[in-house]
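Heads up, the next two complexes both have chain A, just with different partners, chain B and then chain C.
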Partner chain A sequence: MSELLTCEGLTKHYGAKTALDGVDLHIGFGKIVGLLGPNGSGKTTLIKLANGLLQPDSGSIRIAGMKPGVESKAIVSYLPDADWLPGWMRVEQLVKMFGDFYKDFDPARANEMLANLELSPKDVLKTLSKGNREKVQLILAMSRNARLYLLDEPIGGVDPAARDYILHTILSNYSKDATVLISTHLIEDIEPVLDEAIFLKEGTVFAHRSVDEIRENEGMSVDAYFREVFKC
Partner chain B sequence: MSEQFDSSRPIYAQLVERLKAKILAGTYPPGGHLDSVRDMAAAAGVNPNTMQRALAQLETEGLVRTERTAGRYVTEDTMLIEQLRAATAEKFAEEFLEKMRGIGYSPAQVAELLARQTKGEPNHE
Partner chain C sequence: MLKNLLKYEFRATGRTYGGLYLVWLLVALAMGISMRDEVWDNGSSQIWAYLMFAYFAIGVAIGVVCIVTIIQRFTKNLLGREGYLMHTLPVHPEQLVASKLISSMVWVICSGVVGILSVLLMLVGLGAFEDSKTVINGETITTGWGDVLKFSWKEIQSIGGEFWSELAWIIVLGLAGVAVLILCIYAACMIGHQFRNHSTIASILAFFLLQLIQGKLDAGGGIRVIVGSVAAMPMAYSASGNPWLVLLVTILIGAVYFVLTSWLMKNKLDLE
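Showing the complex of A and B:
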């Protein structure tokens, strides 16, 4: 198995609106990939399809050869772009719940990250600030030993210092057997950690290139290239 | 925490330059053991595959070697390091002189300026 995520002719409509239109993607193991595109370009739709939350209208999507479903979810760690955990739970209860849900969850890793970001296990989730809730969700997602991490806007709401810590966490959890797909607008912040960048434009893949190759051939950063491609 | 990079050039190329400088300056001494790719990548705040590529480049140039099980080491070839150091110094000097010519300094004026600048500074070996 040489591919972790494969999309072929992947198409999704919402009513008359086309969210994804014939997307072909091949993503291997051991990569950190940026899923980049303006608002409404299909990033979240793609991630939801990979996670089985949406069904394609045509084309296919495979995770390590599997159709998204119960088996693929055992190897995919998904961080949605919205609050989704029950707000009444304490952080420590969430850690326990993830341990019950996922065989590959490492509570020690979660507790270490919580301590490093000064988040108290006793705190009730809904009493935390938006940024701190996001940190808790991200910590839970990154504490699994998954093969594919699907992170939908993981750093949008957190402060720059925590952002650095989170990127550092992604780098230090890096494994040759796992791939991290990060959707974001904050390209400049994550650019140094990326292998590849996927540019989504109006539901199609505009570019899927190595970050160093973009810098070499375009003579500009991925961030600058993005601004040029998606100039309003 | 993480290093800053010039945005218009490939990151691996900038890593090669920085790692080379550390070898030339002796921060990574000849024969010294290097941290794992993953640790070096995390320390620099870059992707491990990018760090891998930079180290592979240094290996091609003979500055770093890989022991199958024991990781990576800086070369013990101090001749090679010294040669590269001299060549790099030469290149920097040329670039500097070029810039100084650009603002109308003659070589003599540059020499005088350098003599004044370095006077009284402690002598680094």
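Showing the complex of A and C:
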């Protein structure tokens, strides 16, 4: 098995609108991949399809050769772009809950990260600020020893100071045979950690290249290339 | 994993019920105390009226909370934002549906048990289990609620096994009917979920459609039990005289809803 995430002819419509149109993707192990594109380009739809939260209209999506299901969910760590955890729970209860459900969850790592970001385990999630809630959610997602991390806008709502810590957290917490797929608009911030970049444009893959290749062939940074490709 | 799902399901729902049960029991006890002769004579009738209002209001509130919780725990926790968490846990859709059904049934049963307890507490408050002595013409005789209860209990004991067996069947079939109703609500929610922009109205229509189909089956098959509604179940038992048949049909209807809900959740989930 050389591919961790495989999409073949993946298509998804929302009514008359086409969110993904025949997407073909092949992502291997041990990479940090940026999923880049403007609003409405299909980034979140692709991530949700990989998690089985949406069903494709045609085509297929496989994780380590498996259709999204119980087995794939055991190896995928997902961070949505919205509040998704029960607000009434305390942070420590969420840590316990993740430990109960995911065999690969490391509570010691989660507690260490909570302490580093000065987040109290006793706090009730809904009483935290939006940025702190996002930090808790990211910590829970990154405290798993998953094979595939699907992070949808992980740094969109946090302050720049916390961004460095979060990116450092992502870099230092994924195992080297795991892959991290990060969807974001903040390309400049994540560019230093990326191995590959996927550019989604109007539901299709405009480009899927290594970051080094973009820099060498285009003579510009990924951020500058993005601005050029998606110039309004 | 079902055990873990149930643990967090009870934690989420218990917060609502626990407080209501406690207040209900306390109000029942206070209501009983306010009815004691010595308290009543001191003008507690107005307090009793308030307590009685509160008692029935809380009882109704518990019923409403049961219905709302059954619907909301399914729609919000599985088809709302929390669904991002629930559907990315490594569990089967059947386990998710089963956890919701089991916890709902437990709360329905608990509400019934607490209702019975509240009546008993009311009697305790009233002093119904205490004998009172009255002297009439120089002779001391035992009077009061204690005697009434003792007499009632003796009468119940003398009724015989048939009554208890009938009562047990009515309870079992009644609970089975409630379970089918809950599963029908879940199936209706999943059908409604297929209609992206009108899911609420579609769910309501689906619920009535499913009930209508059950009604048609009833009319067509001539078997009263297929109605499957809560109220109809014990009556169906009396009409058919075969509780095992009623139970079998109820389980079959429930199984159809369960499979339909799980299948839709597995193959047609669309969390936008």
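In this section, the second predicted complex is superposed on the first by the 231 of 232 C-alpha atoms of A that agree within 3 Å, B and C clash if a C-alpha of one lies under 4 Å from a C-alpha of the other, contacts with A are read in each partner's own complex, and residues count from 1 in each chain.
Everything below uses one rule, namely that a residue touches a chain if its C-beta (ideal position, glycine included) is under 8 Å from a C-beta of that chain, and two chains touch if they have at least 3 such contacts.
Since we're looking at a predicted model, the values are computed, not measured.
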Touching A:48 in the superposition: chain B (first), chain C (second), both, neither? second
Give one of first, second, both or neither to describe whether A:224 is in contact with chain B, with chain C, with both, or with none. first
Touch check for A:30: first (chain B), second (chain C), both, or neither? first
With both complexes superposed on chain A, which partner does A:74 reach: first (chain B), second (chain C), both or neither? second
So, does A:163 touch the first partner chain B, the second partner chain C, both, or neither? neither
For A:133, is the partner it touches chain B (first), chain C (second), both, or none of the two (neither)? neither
Check whether A:194 is in contact with chain B, with chain C, with both or with neither, and answer first, second, both or neither. first
Chain A positions within both the chain B interface and the chain C interface are none
Per the touch rule above, chain C residues touching chain A in the complex are 1, 4, 7-8, 11-12, 15, 81-85, 87-92, 196, 267-272
Listed in rising order, the residues of chain A that touch chain C in the complex are 14-15, 48, 51-55, 70-71, 73-74, 76, 78, 80, 82-86, 88, 93, 97, 100-102
Touch list for chain B against partner chain A, complex: 1-3, 5, 7-13, 38, 41-42, 44-50, 53
Can you list the residues on chain A that touch chain B in the complex? 30-32, 164, 167-168, 171-172, 174, 192-195, 211-213, 215-216, 219-221, 223-224
